[in-house]
Structures are given as structure tokens and as C-alpha cells.
Amino acid sequence: MSGHDARGSQDERPLGRLSATGRVEAFSDGVMAIAITLLVLELKVPVAAGPGELLGLLLGRWPSYVAYLAAFLTIGIIWLNHHTLMTKIARFDTRLHWLNLLLLLGVATLPFPTALVADYVADQSSNASIAAAAYGLTAMLMALPWGFMWRHLRDHPELLEPEYDAAHASVELRRGSLGVPIYAAATLVSFVQPVAALALYAAIAAIYAITSQGWSAPSASETRAKAKE
Amino acid sequence: MSGHDARGSQDERPLGRLSATGRVEAFSDGVMAIAITLLVLELKVPVAAGPGELLGLLLGRWPSYVAYLAAFLTIGIIWLNHHTLMTKIARFDTRLHWLNLLLLLGVATLPFPTALVADYVADQSSNASIAAAAYGLTAMLMALPWGFMWRHLRDHPELLEPEYDAAHASVELRRGSLGVPIYAAATLVSFVQPVAALALYAAIAAIYAITSQGWSAPSASETRAKAKE
Amino acid sequence: MSGHDARGSQDERPLGRLSATGRVEAFSDGVMAIAITLLVLELKVPVAAGPGELLGLLLGRWPSYVAYLAAFLTIGIIWLNHHTLMTKIARFDTRLHWLNLLLLLGVATLPFPTALVADYVADQSSNASIAAAAYGLTAMLMALPWGFMWRHLRDHPELLEPEYDAAHASVELRRGSLGVPIYAAATLVSFVQPVAALALYAAIAAIYAITSQGWSAPSASETRAKAKE
Amino acid sequence: MSGHDARGSQDERPLGRLSATGRVEAFSDGVMAIAITLLVLELKVPVAAGPGELLGLLLGRWPSYVAYLAAFLTIGIIWLNHHTLMTKIARFDTRLHWLNLLLLLGVATLPFPTALVADYVADQSSNASIAAAAYGLTAMLMALPWGFMWRHLRDHPELLEPEYDAAHASVELRRGSLGVPIYAAATLVSFVQPVAALALYAAIAAIYAITSQGWSAPSASETRAKAKE
């Protein structure tokens, strides 16, 4: 956030607009940091374990740990992608504010289906499918706004930082639209093999992280910084 | 926040005052980000559902989801309006600090009546009315400080950023005073039709968001930035 | 925080030291914002209220609301005083870091005795005294570091911003040493009249807020800013 | 974070890279501030204490308080060390992002074994050892990334701020690799004397804090600032 301003003060660009982006970033960061940390509340301490029973009870709660790791990884990656997205946006209009709020709704809600999965994914009934599908639906909600955001940015490239244009937004739109069908497919798996769906959710996060342009590609400002060198 | 400073350093204005505003903003953002994320704790995992019973139990908790969405939207919009307010204030005096703390009290308390509504709004007795009314009263507490803040700013326009004056504060005072009677009316509905009151709370948040000047109107600094272009 | 830097860049002072203060401030703000917002989790929804019983159950939990308000006000004021303190410190050494961490320990722990008071202060036995005394002891823990901080700053005025000196630290030391005996006295009242002690805790917060120099007095940088005008 | 930028703007260095570091810092600070504050939720209010029984029940929960203090101290110190680490890193690449996320995973998870220890360390069975060992394993997870981070920085000194080089990273690598074997030894003690292991965890945090270079040594920017004076 400060980087924007400091950069701006070098380039003599009007600064007020960027400050708005800075605060959206700070608020979004806050929500994501809290959601990722609240996940731990779902790892419940077994109550009233008899002598020597704790280890068995803890091991029996293995779906908790898988769900915890999958959700932690998912929010961590969303945070990184959100960070990259923010460096490309120069100004927020009403629609972007709404879409960002929708994205935060998905992130903030994720601890709930994570707890559902932790409690029910090993259940020997349709409860396991319901829990795994609830996680998938929330992940779809979280994946949905990215495509809409990039479509809006493609149609309004004046909201982008000067280094980015409608063509860049089109590329990102294709990438950003993949999340929903991928999570939809995993959600369908929930109804056949709920534990496999849980493994898929973790795998999607891991694969997305490894291939993510958000991490390995130089950010806009780095590229510009290099160009100056 | 940094935008203030960077702007200030361009304009050669004294900076100390703004730093105070920056930290109020950061603390307020923190409280609002936490409150909006804590709402998810109210979405409780049904305990010990029998085989195949989870879906029914989850669907039976629909008031949770409506209350969650209404409260999420409400805090999201308050955050946006707070952000706009902050960009207009150059300096905090004692009274503004108190009023801001009162506003944060309302926001931080909202998860409690949200949980009440989630548990009792579908109850077939006066419990539903009490729960819905508790939400309305907290919303009124959250709406109350806006009018007082703008009245104080109208009477002390020297606390405003240079682009704003007492006349602007008068306009905002009128707008900011609407929240309390609107929520009071919805609270009265609680005693007749608690579920309708819940729908009203969600609708108020949505309507306010759509019509809000906080989003669609250019912020002060944007206007100034454009004037410079 | 940004104010410091921006100010520094005007004055051409070395900036690295201030950046450390900035991050201490951000971390402290985070802890205080979270602690003040977690207080709401202590306002518990009455479980399984019979038809029409909710209002009675809610009203019967009045000590919850008083304890909530007292703790909210206390943390709010500590935040404001902490903010003022931070504007006066140019650099943190090891001891200040420890004392600040001790202060944050007190703040972060406050939700626990607040919940104790909420559950037990209306109890018709010594439980009420124990709960009220636990609140008082935590408040003393929170009040303790202020005196030690100002004593250290008086002995090491080079840690202070240039506008402040050992004499200023001596004045603050006197003011900052008042908190512990005041809370100790209120803690003693717990053993006689626990409800009165709760009222005292709320009153101490309110009185301190009204008389606080942290709010009404111009901050150092404001004074300096005015001097420049 | 702002310090970076302001410093950068003095030195005319490219700024975009630092902005990324700033936001990693802010997100990490958020997660650590939340984790340290969530620890209080583990201090549970005794339910339905009979008349005059509260004091005994509270005192009987002494392992809660020791575990709380140990975990609070541990996260506090990690925060300080993280802060020092951040001031030395100029740019994050993919591997550093992953290692930082792994570190945050350890920090965010710590409240869970802390609650386990609080509930079971005084248990007269192997449950106590399991609880204490779970804490030790999480502490090892938290200690693990430091060594890997410094190894990566030693091999890629271009990621470091200009004042630091591969030799500095080698020294830090040795220091940063100590945490895992120390916590591994304490974890082994869990199986013999779980309460002694708990005491060790608290002692490790305290000793590390006292000897930490993160606090007493001048930070890079301070050194540079002094060199300019």
C-alpha cells in the first residue's frame, strides 16, 4: 500500500485515488488474516478423554487436520492472488467494491464448511457428502468474483494501472474463470466419494499455488523497477 | 492512510495531525474486519446428526444464513462509509474519538444479536420478536453516531479537509440522520413479524449500499486529482 | 505510523529507527483491535429458551452487558493512550519491547476475567468476589507497564522524540503510576461488594477517558505543526 | 513498512519490490496478532460452579495459565524475530512466500496444542504426554522454516537488503537451525515428565527472548542511520 504512494510520489501522479486502493487492501488483508487464523478454532480438543485415550481420539480426528490444511492453503493462495490483483488496479469503482466484498464473503465463510467437513467427512452416511459439497460450494463462491472482476477490468481498462491494458485483463479473465468449473467438478465428486473430494480440494489449492502467476511472475512494479535499472 | 501522508508531503501541509487520523483509521479497520469475520462463528455445525440427517439440520438453520448475510452486508457497507468519512476528516478531537468508539461498539456488538436472530427468529413465540428487536436496537446504536459526527463537523468545519465545509457537513448530516428512524421502524416490525423484520434489515443494507454516495460519487481526493489533470 | 515517516522525510532525519516503531504500533493495534472485538464472544446466546422466555433470560444476564461495556471502554482508552505514547517514542530498545509485550498480555487477557464477571458477579456467594477480583488483577497487570515505561524513558530520554525530554517523562511517570493503586483499591472492594467493584471498573475507565491528556491535549506533532504555521 | 518506502524514496531505489515485502509483513503481522489474541479463548470459564467453588476451580486450572503464558511469549518472540527478518529481506520469491506461509501455519496452529496442554497436562495418564508432545511438535513446525529461509537467502543473497550478504545469512542460518533440535529435545521430555516439558517450553521462549539478537542488536537500518549521522 505504501509502495503505491511512494511510487506515486516519484512519478508525480495524482495520489488520492490510490489511497482508496490502499485501504481496500488493508481491510481485505485483515479479513483474510482473521479467517485463516480462525480456522484453528475448528481443531477441537477432545472432551473428557479417559486415561490413555487422548492419542486415539486425536488420531480419529484426522479429517480435521486435512480440512484445516486445505482451507489454510486455499486462503493463503487467495491472499497472494489478491495481492497481485491489487497491484494492478489503480482505482475501485462501485462494482469492484461489491465484487471484492463478495470475495471476502467467501473467504470469511470458509471456516464454516471446513468445520462441517472436519466433523462429518468420515461419517458413514450421506452426511459426509453434504459436508464435502458445502465446502465445494463455498469454494465456488470464493472463485466466482475473480472472473467478474477481470471482465469488468477488461471493459474498463482505465481502472487498471497504466502498465496493464484490456488485453492483459482478457488473459487474466480466462485464467480467473477456471476456478468455478474446477471446484464444481470437485463438488460433484463429493456425492460419490466425499473423502476423495476433500483430497481434491487440497490438491486444487496446491496445484494452483505451484502454477500461480501470482507468485513466480514478476509483479508489475517489479517489472517497471527492472526497466528503470 | 499513506495516501494522506504522501499527499501531504506534496502539498507541504503540516503532517502530524493526519498521522492521528491514519491510526484511527487502522484501528477502526481492524475492529470492522474482525467483527465481519467473527460472524462466521455464529454458523454452528449441527452436533451429533444421525445418519443422513445433516442436510435437514443445515436447511433448518436458514435463519442463520439470512442473518449472517444481512450482518455481513451491513458491516461491509459501514466500512465503506467509514472509509469515505475518514477521507473528509483532517483531525480528530475528543468528541470525534468518542463518537467513533461508539460506532465501533455498535459494529463489534453486532455478532451477538446476529446469533440471537439465527437461533430464535424462527421460534414460534415472542422469542422471535425479542431476537429481531435486539438486532434492530444494535443497528440503531451503529447508526446513531453518524448524525452526531456530522453535526459536530458542521459546527467545527476546521476539523474537515480543506475541500469540505459546513455546507457539505449539513448535507451529510441530513443523510446520516436517516439511519436511526429507518432502523427504528424495522425494529417495530419485529414485534409483529420477526421474519419480515429480518428481511427488512437485509433490504436496508442492500438499498443503502446501492444508493450510497460513499461508493459511486468520486471521493474528495479523486475530485481534486481530476482537477489537477 | 506513516505520519512519522513522512514527517521524517521532511526533516531529513534518519528513518530506519522509526520504521521499527511503526511496526510495533501496527502489531499493538492489531492485538488491541482483536481483544476489543473478541469481547463480544462473552455475550452468550441463552440456550434452549422455552416459549416467551428469551427476554427474561437476556435481562437476567445484565452483568454481561455491564462487564462488556466496562471492558470495551477500558481497551478503547488504553488504545488511545497507547497511540499517544507511541507518538512520543522515537525508538524501541529491548526493555520497551518487553514492557509493551507485557501491556499487550494484559489487554489480550482481559476477555477472560470479563467472561468470569459476566457469569459470576451476580452469584450469591464468594464466587462473585473471586470473579470481580480476577478482573481487577488483570486491570492492574494492564496498568503496571505504563509506570515502568515512563521510568525507563525518563532515564533514557534519547529514546524519546526530540520534542520530549526527561522532565516530560517524569510528569507522565506520575500520571502513569496512578493506575495500579486505583485498580488495587477497586479490587479490594470486590471482596465486600462485587457488583460495586464492577461499577467502579466502568467508572475508572470513564473518568480516565474524560480527564485523559491523550485526547484533549494537542499531540507533539500537532504542536510542532502549529509552531511551523 | 512505510519506513521502507520513505527510506527508498530518499535513496532513489526502485520501490515496487519493497511494496510486496510491506504487504507480506502486514499479513504476517495480522496472523500473529490474531493468533496471540485467540489464545485467551483457551482460558475457559468454569461452568456451573457451586457456591464458593469458583476459586478452587480456577486454581485447579493452573496448567491453562502456564500454557497460555508460554504460548503468548513464544508468539511474541516469533513476531519480533519475524520483524527483524523482514527488515533484511528486499524481495520475496516463490520459495520465501511458501516458507513464510509455513511459518504462519505453525503460529496459527499453536492455540490448538496450547488448549490440549491446558486440558490434559495435569492428567494422571499418558494423555498428559500426548498433549505436551503435540505442543512440542507444533513448536518444531514453527521453528523449521527459519533455517530453510536463511539457507535460501544465503544461496540467493540478491534477495537481501544491500547491507546484508551471504556471510550474514550463514551466521543466521546457524542460529536459525537451533530451534528444531531444542524443541525436539523438549518434546522427548514430554514422554517422561509432561509438566517438565511444559516448563521447558516456557523456558525456551524466555531464554531465546533474552539472548535474541532480534532485540538488542541494532537493526540494519539503525546501523545505516547511525553511519549517516
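Order of writing sets the chain letters: A, B, C and D. Residues in each chain are counted from 1.
The working rule: contacts are C-beta pairs under 8 Å (C-beta built on N, C-alpha and C of every residue); 3 or more make two chains touch, one makes a residue touch a chain.
The shown structure was predicted, so the numbers you read here are calculated from the model rather than taken from an experiment.
Student: Using C-alpha centres only, name the chain that sits farthest from subunit A.
Tutor: Between subunit A and the rest, the longest centre separation is with C.
Student: Quick one: compare the interface residues of subunit C with those of subunit D and tell me same or different, with half as the dividing line.
Tutor: Because under half of the interface numbers appear in both copies, subunit D and subunit C meet with different residues.
Student: Since subunit A and subunit D are copies of the same chain sequence, what is the angle of the rotation superposing the Cα atoms of one on the other, rounded to the nearest 5°?
Tutor: The superposition gives an angle of 90 degrees.
Student: Mind checking the centre-to-centre distance between subunit B and subunit C? Centres are C-alpha means, answer in whole Å.
Tutor: So the centre of subunit B lies 24 Å away from the centre of subunit C.
Student: Would you mind pulling out the distance in Å between where the CA atoms of subunit B average out and where those of subunit D do?
Tutor: About 35 Å separates the centre of subunit B from that of subunit D.
Student: Find every residue in subunit C that makes contact with two or more other chains and list them.
Tutor: 1-2, 4-6, 9, 26, 30, 34, 38, 41
Student: Name, in rising order, each residue of subunit A that touches subunit D in their complex.
Tutor: Residue list for subunit A touching subunit D: 1-7, 9-10, 25-26, 29-30, 32-34, 36-41, 43, 45, 49, 51-55, 58, 68-69, 72-73, 76, 79-80, 83, 87, 209, 215-216, 219-226, 228-229.
Student: Mind listing the subunit A positions that touch subunit B in their complex?
Tutor: 1-2, 4-6, 8-9, 14-20, 22-23, 26-27, 30-31, 34-35, 38, 41, 91, 93-94, 97-98, 101, 104-105, 108-109, 111-112, 115-116, 119-120, 123-127, 130-131, 134
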